[in-house]
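Lettered A, B, C and D in written order, each chain numbered from 1.
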Amino acid sequence: MTGTDPDVGRLVVSCTDQPGIVACVSSFLYRRGANIVQSDQDSTGPAGGRFFLRIVFHLPGLDKELPRLEREFRQEVAARLDADFRFRAASVPTRVALFVSRYDHCLLDLLWRARRGELPIEVCQVVSNHPDLADEVSSFGVAFEHIPVTRATKPEAERRQLGLLRDSVDLVVLARYMQILSGDFLDRIGVPVINIHHSFLPAFAGAGPYEQAKERGVKLIGATAHYATEELDEGPIIEQDVVRVSHRASARELARRGADIERTVLARAVTWHCEDRVLVNGRTTIVF
Amino acid sequence: MTGTDPDVGRLVVSCTDQPGIVACVSSFLYRRGANIVQSDQDSTGPAGGRFFLRIVFHLPGLDKELPRLEREFRQEVAARLDADFRFRAASVPTRVALFVSRYDHCLLDLLWRARRGELPIEVCQVVSNHPDLADEVSSFGVAFEHIPVTRATKPEAERRQLGLLRDSVDLVVLARYMQILSGDFLDRIGVPVINIHHSFLPAFAGAGPYEQAKERGVKLIGATAHYATEELDEGPIIEQDVVRVSHRASARELARRGADIERTVLARAVTWHCEDRVLVNGRTTIVF
Amino acid sequence: MTGTDPDVGRLVVSCTDQPGIVACVSSFLYRRGANIVQSDQDSTGPAGGRFFLRIVFHLPGLDKELPRLEREFRQEVAARLDADFRFRAASVPTRVALFVSRYDHCLLDLLWRARRGELPIEVCQVVSNHPDLADEVSSFGVAFEHIPVTRATKPEAERRQLGLLRDSVDLVVLARYMQILSGDFLDRIGVPVINIHHSFLPAFAGAGPYEQAKERGVKLIGATAHYATEELDEGPIIEQDVVRVSHRASARELARRGADIERTVLARAVTWHCEDRVLVNGRTTIVF
Amino acid sequence: MTGTDPDVGRLVVSCTDQPGIVACVSSFLYRRGANIVQSDQDSTGPAGGRFFLRIVFHLPGLDKELPRLEREFRQEVAARLDADFRFRAASVPTRVALFVSRYDHCLLDLLWRARRGELPIEVCQVVSNHPDLADEVSSFGVAFEHIPVTRATKPEAERRQLGLLRDSVDLVVLARYMQILSGDFLDRIGVPVINIHHSFLPAFAGAGPYEQAKERGVKLIGATAHYATEELDEGPIIEQDVVRVSHRASARELARRGADIERTVLARAVTWHCEDRVLVNGRTTIVF
């Protein structure tokens, strides 16, 4: 993101809740001259629950200090607390691959926001099972790869996708990608995968969701962004939002309103993820 | 509702869509000196779809004219269009029975709004399967009947409820009534029954919905008001709304936020129903 | 808009409220074989108020019938009711000129929606007082004209704008155009002009609105789309919406959230205007 | 609030931002056996800005430890950081006086929520310049004092109010109190005063705000809760919200929708204040 201070770093920690975590972590940073700019924490329960911490700090010469910070934190703090942790320079953009099928609203919105410097990401690659959006993507100067997927070719297609992306991206975003990724793919890609899908009250299964919503007379159209897991549409929720609709809207208009809310919700989810604001805790998330 | 003009009437019509409906209905009213104040219509499709019309009109001496209006409309218009219709004086409040169990938030909100003259209703009777809220209800000057319900006594309880209410109310509102009404009861009560329940994205079945919502990390808590049918929570939707929540809210706080949204959504649904704004079309509604 | 039925027309009427308007208008349409698909009306008061009507109808061979319909409506109905009216074929897109300065979010969102067939418009021309967005606009295949404006050259600039647009567009949209149009320009352009601007609770005057909002700790950031008048930001309101923000958002992030809500509100306002849903009544609007 | 753990305490700190604050405060708590359950911080800028911290902690035997904790924190931490701070037991309710005139919606909503155990408050006294709501308030078992106010008697009325409340309440809530409190009263009452008022986009000054909103065709009706200051409606904002309205709503209906949003916003503001979530920073607030 344009103009991010190169001396700003982020630290995310999770461990079993126990007294003294904040004192321990903040003393560690203080002794190294890091000034805490923002700090958030949450716990699922002080007695034996899980503790989550996100700290934004300012440290002159961060890029040179980061490797030493990590090494010493591992030895002095993480080992003692039995904690998972992650340091990151806020100025380094997240490398992202976008998967898309034919609906372009989420893809274009992300490409556009990335180009305007609104998102802390670098879009490295777009992958699609259809060739339709090739020119559009190229006009943003982003690589586009058409990898068709049929039931028969899916394993081969996933191999190609992995070959293209593994070790070169930090995040995969399914920007209306209408194929289900296998559990094997999710394991091997080794980075988080964010998905967006429509949501209704009540929920509808199966094809033609907006036709079903119209038929049922729902008054709210929503979208949910979540981490993809093998169980379709069941991963930890990152963000949700809704928009009001009335009986006047046709199924087609519902789909349009839905597209608007999908792109907004997905942009928020990607932003928050890339700012290390989203911590996964089993089936749920903490969004700082 | 305080101060409603006694000369304001409402007409609701539904029939197979066909050319000339509005011309026919509006000419009928015009010839009788009624001035159309507001008019809404909707159609599921001009060729063979279903047509819905709601008209608010002003007619001096409405209360005396209403029986003649109905008779002549039946003969001159409804017969020709094969239409269902309903005339009503806006100044006559809807007679309502409220069913409740132990949660008081929806009940008190309706009683309170009714007392302040905000709702076009007269609350005739509160029925509960628990005695807890008797004093509270009495303080509003409304009759309270405690009719316990167990699996064994349910048929007898429903007979008592029917004896108490049949032919004396125009609407039953389930203001967090935690018992399922039988299809037989719904048939025999002969008036619409409005229910309110919590709604989530995604939906949760079974007990402890707020615990499930907490566990799943939902970001929106909602409520749906709908007409009760034999299929639980599946009747035509009247109104829905949601409120944002974060990971910080406990299951108990989620339930509180849910209670706020439930009472708001239910009040809107009852108001709109009693103003003849809600027209049922199979499994869906049109809300003018 | 792709796929709009060529036989669907719209009629908008306004006149002094009086008995029989709907009967008169609907009979007129019925006798010519037009089937009313949707109808909305509103009145500021049955006794001497202003009456507003919007009708969507289906008439086979509409494009050939339209001139005759207009002529006969003028003679038979409008003359009698002393009414203003407008017929339009729903399939004919509104010709739009977009004015922009440097902020691109509203402009690109409209261009993009137009290209996807989401908006019932044809963008004929983009006019800007800065050259920055020329390439971006050209990539959409839309003409771009750079007309610089300074205090000294403003009259000349407005003459050039009028020369370019008069009689060739149906609507001007100020998509974050940071110049004030003169009353003279608004008179002579002869078509409606829609503007978008940020809105806060409370309102802030003057420069740096997001800095002021940050300073004041507002919890909601909003946008208002309205018809432009000589009094800046004071024309009839078409649409408004808000988004929640917290103390955590910097002034820069507030501006970004504001941009999101601005483009959404403006797209809705343009859509509704072009669907003849927005009827101006003095300083206010009726949005059907 | 029912069931609050007596061992849960809250600490609020503000001081000039400087390195080591969190380390210093968290170490202090850690050494005394307090386990930090929740912690939020914010800074207006690491270099010389203002730093704000709110900590929720668990300490067995809190009520006995609190005086010692305060004394030692003052000596060991606050003196060193030149910090303002406040310790509080979460289980001790805030003592509140409610001021009201004739509109009852905010008053009743707060009384009702307090009785249900939803708010962490004890309502000690209701003060009104009208006698109308005396019986209503008494039915909640709360003392009601009628203190009429005219231009002439205002100083005397404020003296009576101060005599009744000074040193016996922690918070004053203006629940639609239609009198302006003098700067002298605000100084001498010595506790925060929360006010609620309607808000619109754009804002309207003067009488009949809902009539003005109707006249201007606003699409959103809002409410703002803020701390009262001598400058009317200009104090630090705690919470705001809006609800959508259409041209169909009369000024009277706008006022009703406004009342709904006022009571909701005020209840949230009072809850957050009493949970020490609202930290004032000059003209703005931080809401954790």
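In this text, a residue touches a chain if its C-beta (ideal position, glycine included) is under 8 Å from a C-beta of that chain, and two chains touch if they have at least 3 such contacts.
As the structure is a computational prediction, the values presented were derived from the model and not from experiment.
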{"item": "Partner chains shared by subunit A and subunit D (touch criterion as defined above)", "value": "B, C"}
{"item": "Reference subunit C; chain at largest CA-centroid distance", "value": "D"}
{"item": "Subunit D against subunit C, contact positions shared by both copies (same if over half, else different)", "value": "same"}
{"item": "From the options C-D, B-C or B-D, the pair that copies A-D, where over half of the contact pairs coincide", "value": "B-C"}
{"item": "Approximate Å spacing (C-alpha centroids) for the pair subunit A, subunit C", "value": "36"}
{"item": "Whole-Å gap separating subunit A and subunit B, where each centre is the average of the chain's CA atoms", "value": "42"}
{"item": "Subunit D: positions in contact with at least two other chains", "value": "38, 42, 248"}
{"item": "Residue numbers on subunit A that touch subunit C, as the complex places them", "value": "38, 104-105, 108, 112, 116, 118, 139, 248, 256, 260, 264"}
{"item": "In the complex, subunit A residues that touch subunit B", "value": "42, 199-203, 214-220, 222, 224, 233, 236-237, 239-242, 246-248, 283-287"}
{"item": "Subunit A residues touching subunit D - in the complex, by the definition given at the top", "value": "17-23, 26-27, 29-30, 33-43, 46, 58, 244"}
